[in-house]
Structure formats: C-alpha cells, structure tokens
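To keep things simple, chains are lettered A, B, C and D as they appear, and every chain counts its residues starting from 1.
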C-alpha cells in the first residue's frame, strides 16, 4: 500500500488562499486505508474550511481511485463546477488528475511517504523502496535497502545496539531483523557471502520508470 | 441450541450434564485445535483442525495456568498430614503474586484440618481474604483451632542443609523465623493458554493478560463478545458456588440474548464505500464485524453489536453508520454537549433543575460511548454552536474499553485543527467524569456559557 | 616533504609486516578551511604516532576534506590513514577521490560506512550509501589487484593502498558481527581498527574468537582506545550507539579527585590490559577534543621512541 | 399476577427493573418517602481514574423505576402480613392509617437492606457528638457526590485525616463478630479521592485487617500514593478539634495517641432491625450473623432475599444477585 500523511492544516489552508469554490477529492484506496485521504478526512477538511469562511463553497467527492481514468471521469463534472481541486490522493493521484482535468489546478493535500504496511491501528511502516531488483530471498524477507538506515548489504554497521538502529532507539536495526529471521530459518550461511555492489539502474536512479507487460500490449 | 465448550477440563463433565438438563447440547473443542471464530451469538462458526463446527454459544473452559512460584521442589516433599512431626506447617499465601480469593477457603480448610490434628500451623498472608460467608466461618474456626495468622510485608525462603525450608517473614516491626516441616505455597496464576485463546476469539484481555470479565455487567463469565462466556474452571474447582452461578449465568444470559427483541442500535455498512481496510475489525471491542471475503467488504453483525459507535468514528471511508440517529435535546444555540450515556448523560440529568434555575440551556446529544465522537462531528457542531463540549467517562471506566480515550484523541485533533486554521481552539472543551460528578459538568457548562 | 613512490608501501604497512607493535592516533580535520590547524595537530604527533587517521566528516559534521587534510599531514611528516565513508559519495566519487588520493601520495585507506547524517549538522541531507563498506573494500582491492573498477571496466594505473576496516567487538548480534569481520578480511582488509575498548575482559573474549579462527594471522588487529577528560565525556561516550562503557568505570571516574589524571590512568590501565592479549598488532588512540594528551600517554605507556623506517629496513635486511 | 418487592433500595429497585424488563408486574413497597435507599446518597469514588466502585451500575435506575408503568410504587408503606401459598399470596400493607391488600402475588422478594453500624451500635458515644470533623463513611460519600473539579468542600482542607476501619465490625461489644466486607473497599477508595484532591493532607488508615479489594498490588499502590496504614484496634476518640484518636498498635501492643483534624468512621453493616418482623411475616430464618436467610429454595417457598438484607455485599454483587433472582422468578433459571 502507498502510505501518505495529511499535510499540515495551515499549509493546506495557505495553498487554498483566494479560492472560494473548492472541490475536495478523497481517494477510496490506499490513502483511505492509511487514514490520510479517505472520505472521512475530506469531510473533516470541508467542515474546517466552511467554519473559517461560511461563504466558501466546499464539496467532497470520493472516487474509488484517482489513478485510473474511469474513476476520475466520474468526477469531471464536479470538478468543472469548482475553481480548484484539493486532491487527497497520493502523488500519483494528484498527477493523474492534473493530466485528466484541464484548466484546473490540482492541489496536493497529502505528503506521500512510502510503500508500507499497517502495523497497528494508525501506525504504518515502510517496507519497500521500489528499487526494482528485489534481494529479499537473500535476507530472510527483510529488506536491507529499506530497513537498514544505511542500506547496508553486508551486515549491520557498528552502531547497532540492543537490536536498535543508531539513528533512533525506536527504529529496529534492519540487520538484526534479518539475522533473527535467518537464524530462525537456519539459513545464517547466506550471510557469509559478500554481497556485490547493487545495480541501482532498476531503481529510480535509472530515471522515471515504466513497467510494460508485453503480453498485454498489442 | 448447541454450546461449544472450548478447552477440555474435568469441569466439562459437570457442564455437559448441567447444560443437557437445560436442553442444551454441548460439543467440545480443544483449545489448541481452534483456529478461527466468526459469526455471532446464535450462529458461531468455529474453524478447527477437523473442519467447521457450529454453535449458538461459546463457553471457554480452558483454565488459566497455575504454577508454583519458583522456590524449589525440594522444599515441598514432606507430607504435612501423615508425617508425625513436631515442626510447624507453613501455609504461604501471596508469595510472588497476590493469591486469588478462591484459594483462601482451600488454604483455610487445610489449616483447620491440620490444626485439629494438633499441628502448629502458620498462615502467612499479605491481606486477608475472608470476606465471604463460608470463608468468614472458616477463618473464625481456624483462629479458634489455634492457627497463627501472620500478615507479612516481606518473606524469604531459604533451603537448609537438610533440604528443608527455612521461612523468615517480616512485617513493619518484627520478623518471624520458622523452620517448618512442610511449606505449602499458593500457586501463582498466569493466563497460560487462555491468552492465545482470547486473541483467537477476539476477546479483550485485562492488564494482566487474562480474559477480561466485562466489567460493565460485573456478572461472572461475561466477556467483551456477546454469546461468548468464560468460566474460570480453576476457580470452579475450588468454589462450587461460583460454578453454579456461572452455569446459571450462561444459561440465563444466552436464553435472554437469543430471545431478545431486535437490537435497536447497531451499525450498518455502505458496501460501496467500504475499503475493506480492517480498521473497524481491529477497533471493535465486541468483535461485531466479520470480513466477508467473497464480497471484499466487512460485515457488521447486528446481533453482536453494542452500538458504541467506535467503528463508525474509526472508519476512514465513512462507510459505517449507526442505525439510530439520536436527536439533540434542548434549545441552546450557544453550547452543544456530546454526552456518553454512561457518564455525561446521567450526570446532566441530575443537573436539569440547577440549570433551569440558573436559566442555562444546552443542546444535548447523547452518544452510546465517547468513542462515537469524531473530529468532523465536533467541527460540524461548531458551525451552529459557539461552544462544543465532549463529556465522556473517566480513565479506565469506559464500558467499551477505550471509547473515552478515542474521544480524547479526536478532541485533541479537532482542537489542533482549529488552532492551525487560526480559529479559537477554546471553543471545543473536553471533560472526563462519572455519572456521580454532576458538579464537574455544571462548572464546565457555566464556563462555556458565561 | 615526504612523498611516497608509486609502488612504495606505507610506513604503517611496513611496521606491521615487520611485527612491530604500532601506535596510531587521530587527526580530526577542522570545520574550517584552516591549513594551519591541521599542520599544528600533525606536528604534535610526529615521532609519537606511526600514523594518524584523518577522519571523513566525522559524525556527519561538515569538515575539511579528508584527502586534503591527509595531504597536509603528510607534508608535516606525519603519515596519514585516509578515512573514506560511503555516506556522502556514490561509487563514482569514491573511486575518483581515491585515484586522486593515491596520486597525492596517500597510501593508507580505512573504509567505513560512516555515521548516519541524522547525528550531524546536516540532518536534512540525502544520504548516498550506494555501496557499503565491505563492498568498498572489495571494490578497491579488486581495483588494485585486477586493475578493474567496481563496474568491471579497466584501469591502467591502479592505486595501491594498505586497506583497512573497522570492527566493533561490542556490537550485537555477536554472531553477525563475527560474520562481518570474516567478510571484511575476505574482502581485503589488511588491518582492522576496533571500536574503543573500555571493557578489556569482553574484548579479550572477542580476541579469543579472532585467534581461534586464525584471523589475527590474516589481518592486523589494532585495538582502539578513547581517552576521556571528564565524567561528562565518559557518560557521553556511554550514550553513543555501539559503545560499551562498564558502569564501574564511570563510578571510578566520578570518585576521582582529578578526572583528567584519572582519564589518563584509565587509558594506561587499558593499554596494559591490551598488551597482555595475544594477537594484537597495535593500539589506535583516539583523544577526541583532547589531542594534546596523546604524547603523554604514548610516553607513559613506554611506547617511545618509535622505530624509524631505516631501523626496520636494516632489521629486515 | 405480580411480584411483591419489599424495599426500594438498590436490591429492590434492581430486581423490580429486571422483572419488568421480562414482562412481569411488580408491586414495590418502600417504607421511606422516596426510593433509592442508601446507595442514592453514595458518591462516585473515581480520583484521576475510575476505581471500580460499582456506582455506575446504578445509573438512572431511580427514574426508570419511578416512571415504569408496570411498577406499582408505594412509598411510606409497610408490609404487615402475607397470606396464602406460593403462586397466589395476598399481601397486606399499611400506608399511614389505611390498610391495603394486594392479591395475586406470585412471589415475594425481601430487599429490606441493612443499617449502618453507627446507627445500630450501642455506645458509639464519640460519633453521637456530631462534632465538626467527625464524620461517617456515608457523610464522606455525600461529600464526594457533591464534589467540584478542584475540591470536595469549601474552605480549608484538613491537615490530617484518620479512617477508623472495622468500626462496629469484628467486635463482640457491638454484637458483630463478622467482617462487613465492604468498608475496606469504599474507605480505601475514598482515601484515594481525598489524597487526590489534597495531596498534602496526611491520610492514615487504622485497620484491624485488610480485605482483598482488587487483584494486583492494590494496597501497595495506595501506600505508594502516600496513604499510611496502621494495623491497630481503635480504642476511643476524644472529641476536639483536633480530635484525638487512641489506638492500640498491633505490632508492639502499645497505646498510641494521635491528633487528627478529621476522623472518618468507616461504618460496617448491621442487619436491619425490621428483619425480625419480616422474617416472621415472610417465613424466613436468620444466618449466624443475624441477616435474613431463605429457609428453603425460593422456587418452593416463593420468597427470595436479595441484597444486603441477606448480608454485607458490594454494589456489583447486589446488582448481579438482583438479575439472577429476576431470572429465577421468570423461570429462566432453576
């Protein structure tokens, strides 16, 4: 899931300065699940905007996804009736809406954070950086790129203590997790091999990426 | 109707007989074979290793684990009854952990038995637990028979060269040294297998990890989930009265639940909106929502729902609604007050005369639980009212476990949103109280109005 | 000026190979462009330390480039150990800087992953960590031995460094740290500088492992040492992740009437303890913020005078 | 048909409400002018958090009972006699000077409650002084029910408060050898409330023994809050102010004399003197402690005893008992 977080209220309000007619577009998928941009969050913002300025016209729409044309089409008519769209989608949603809705500014209401998982109610954790070349088979299913603060491939740095990362005792040492898991799986021998420098071309370092699924393309 | 007994203990035999007498059929599921439970009272589906079993009611009979405190087995091998010894016998209660109430009569009976056989008996305890009719009598008799009761603050146990125990107990002023022939220690109780079982059955656990006896009702055997009962079979072995009461409560309560008129207040789901995110499933204190994998939506069970609204406020997709809209009472345009019906609601009803006398009016909205209060509700209310007050239960008093804390978090967020928007944050007020603290609410209302 | 010839081994390498117990120290480059600062520090260590580590933006604070500061040390007659971290440079920049460093006459290289920028004065910066320290050691060894860059492309005149790495005998998981030590040596680390040692007993257990696996024969273990000036500095050291300071030491420091003197005494006691452990090739003295004490410690530990290279050569001949 | 309930306190009202919820008709007779009994005057014992005193279980019971159409409520009324057999009793009641007969009574529930030891005890001289600063547990309850955000009462708080436990319990002189069970529970909670509002006030708990109140380290947590516990036997109180408490300290058997600004008598529970008459009318017997006891199973005799008429009980126990009794009468349970 893509995990996002709502921008600070004052920042959202500043970007909306001068607009009298606002459409808030929630998104019904990832950002709903991570409680950043679902209908509930949109309603909160709408209520707040109207409290500040009773004359403001604020509407809320919730397409199932902001990243597919068919869903965005459903809200085109609503968008046409407003001066500006505040998108509570992830960065991809904001950009897709910008491409789909002509002559209308699409403002981002969220900061898109990472690909992650739900850890607890209201807590999400980063799990994947989309590096494009997965090494999880080597590391017992714990990602060294994402979960080691230094993206070390050959074990922890010397700053790991009590299973925690040197940058913050709240952060688990990714390599401790890898070690624990491999030990439990009796696969520690995997760690003796020196891991070669990673090929980052498959990552964002190789420029904006696309995925082509050949058999689906005519 | 079928009752599933989860856990197999000797007490099951009694339960089977008693339930059969009440025309209830029983099935037994071993607790380690239970994998998942869905459904609701009247229609539970228990996923076991042998496939699906169905039952109308579930009774957990798996006992908590009783183990001896770690003082070494060598100290316990002398038989206090037959061993003709001049040394005393020590009954040690509350060692490592406060002993359970039900252990006291067992220990008292043993003490009495030994004392009547002319043995010197020391009964070491931290606090007495004699406040039951029979226990009271036993206590009196034991005292009469010469049992020495000692209230200790600290106790040490050492092993002597001969392999016997040496007990030293201290209270605030003196210490007592005993070299007993036998040391009988009350066991400490741990959740044991009931912990995993509680998680599997989605039952709330208390701060010690035991299945929470749902304190709202304070009747034995109730859990946070309707139709699921927990009988402490360990206690039942020592306290026949408890077992009797527990059986009666299961039969009586389940019969009432199953024949009750329709639940008036429950949640409904808008399938179109549901993001199938499991937030409600995780947050519901009563396990009233079950995932419908086929349709990829969550399904609320009317039969299991308490209408507390916690899921409604937590649902990020705005897909859950309570069936019953509770209209605001009172005509005030300046203050709206959200009252939890377990605290604020009753407190304000005790204030009506005072408020009328002072000419103060508020618009009052009753909520089943503070957990129902959300940021958007508070902000919506502020469009019409000058001030909004949330009046919910004290810490640890929520009858739905954490609705009051959720209300507090929602209020804090609403206040911070007002602040960030340059609006007056003091327009939202929050008070935690019990129904017995009307004055507190009175002050809050006066401050909001004046 | 003491520029080494392209094929000449460093002083540190020759001393260690000859079996001398080496003494190395540290020169932290300034958070300024002052060459005098570096020169002054370097001069104070000439004849005292066989070599000195020149740190690379230590604790992620912006400081003078370690290559530049190393060259300044060299010019003053103190042999530098160039430190290179993976935090700030990708594999292109690291290799480029190392080619330049070799061209300027630097011969010792300590490869590190580097402190995370969260600790420094630019916590907002983007970290690189393109490769990790083991990949760096292996990459440079292959560059030297096989004349191939990390990418595999050819290098005509490769550099030749005396390669080193760091190890922390006190970090956990213990087993994984051992695996890492093996990997570092296998990757090409010819000397290992350890994390600061306060707990000699625990370090001795680590060394036992090292000896049991013959690692002390495959590489040179240089035991790290930190000198503390006050209770506060010792307590701060204790807070640093990966550091292990026994509580008794803090108590000892607290009770001392003169903490500075006690700090020196603790360091000397530690050295004495270290000398009794077989398999150690030298000590590496770090005296962060109290560099002036190094000569005293070296002298009182009985390490003076340091051997001259000609003596070493003669002995070898 | 109707169920007759004698006593409109917590036990009577709870049973009445449970019965009408199950479709029964109820006649409720209460000798006082209002229902609610003693619980109505109790205060919530939450300090900074809920302390599980059980009072919340009472909720809005009084209004619900007063306004329920299936409950015939007779206040200032006494049960004089019962005639007939189980299933069809006739009850004779008296209101002022008039007599009334209720026919078709299927079942009788006796919920006549208890009296506080201060009222029953002979020779409780200290208390009868009504001096300022000498209060009973019940009076402290009332203070708590009137509390405001910052204080329990107007004016200066006392610098020291002594709780005299086991007042009237475990005492041969006061005719009660038994432990009243509830005093440790309510008084220790009240002590915490006091300490919460007035952290500088010295709070001393003089007790003969401590009952288990809650699982976990309950008493230790109170000590940690700064409440002092002294195992002792109260001897006498010399009325001040300040009031002097003389007590025999158990650890060294010495008599200690200490002054306190406030003394709280934690009253025990005594059988209601009305019990003797009711036992005769309803054919009940007595327990060893002098509380009412059913002679045989209520399904045979048609008479149940609920609440503290049968012995000291906590609020939640009374509520639970009321529920079980109602279920039994309605035939849900054996």
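Here is the rule we go by: contacts are C-beta pairs under 8 Å (C-beta built on N, C-alpha and C of every residue); 3 or more make two chains touch, one makes a residue touch a chain.
No experiment lies behind these values; they were computed from the predicted model shown.
Student: For the chain pairs A-B and A-C, which is connected through the larger number of C-beta pairs in contact?
Tutor: Spelling it out, more C-beta pairs touch across A-C than across the other pair.
Student: If I average the CA coordinates per chain, which chain comes out farthest from chain C?
Tutor: The most remote chain is D.
Student: Please work out the Cα centroid separation of chain A and chain B, and write it as a whole number of Å.
Tutor: 39
Student: How far is the middle of chain C from the middle of chain D, if each middle is the mean of its Cα atoms, in Å?
Tutor: Distance between chain centres, rounded to whole Å: 78 Å.
Student: Just how far, in Å, is the C-alpha centre of chain C from the one of chain B?
Tutor: 59
Student: So how do the chains connect up here, line, ring, star, complete, or something else (other)?
Tutor: line
Student: Each pair of chains that touch: what are they?
Tutor: A-B, A-C, B-D
Student: What part of chain C is in contact with chain A in the complex they form?
Tutor: Going through chain C, the ones touching chain A are 86-87, 91, 113-116, 118-119, 127, 129-135, 138-139, 150, 166-168, 171-173, 175-177, 179-180, 182-183, 186-187, 195, 241-242.
Student: Once bound in the complex, which stretches of chain A touch chain B?
Tutor: So the residues of chain A touching chain B come out as 8-10, 13, 28-29, 32-33, 35, 38-41, 43-44, 47-48, 50-52, 54, 62, 118, 121.
Student: For a test of understanding, state which residues of chain A touch chain C in their complex under the given definition.
Tutor: The touching residues are 149-168, 175-176, 179-180, 183, 188, 191-192, 194-198, 200.
Student: Which residues of chain D touch chain B in their complex?
Tutor: 42-44, 46, 48-50, 52, 54-57, 59-60, 63, 144-149, 177-179, 181, 209-212, 215-217, 219, 231, 251-252, 287-288, 311-312, 316, 319-320, 323-324, 327, 332-334
Student: Which of the residues in chain B end up touching chain A in this complex?
Tutor: The contact residues of chain B facing chain A are 273, 275, 277-279, 282-283, 314-318, 374-376, 379-380, 382-383, 416-418, 420-423.
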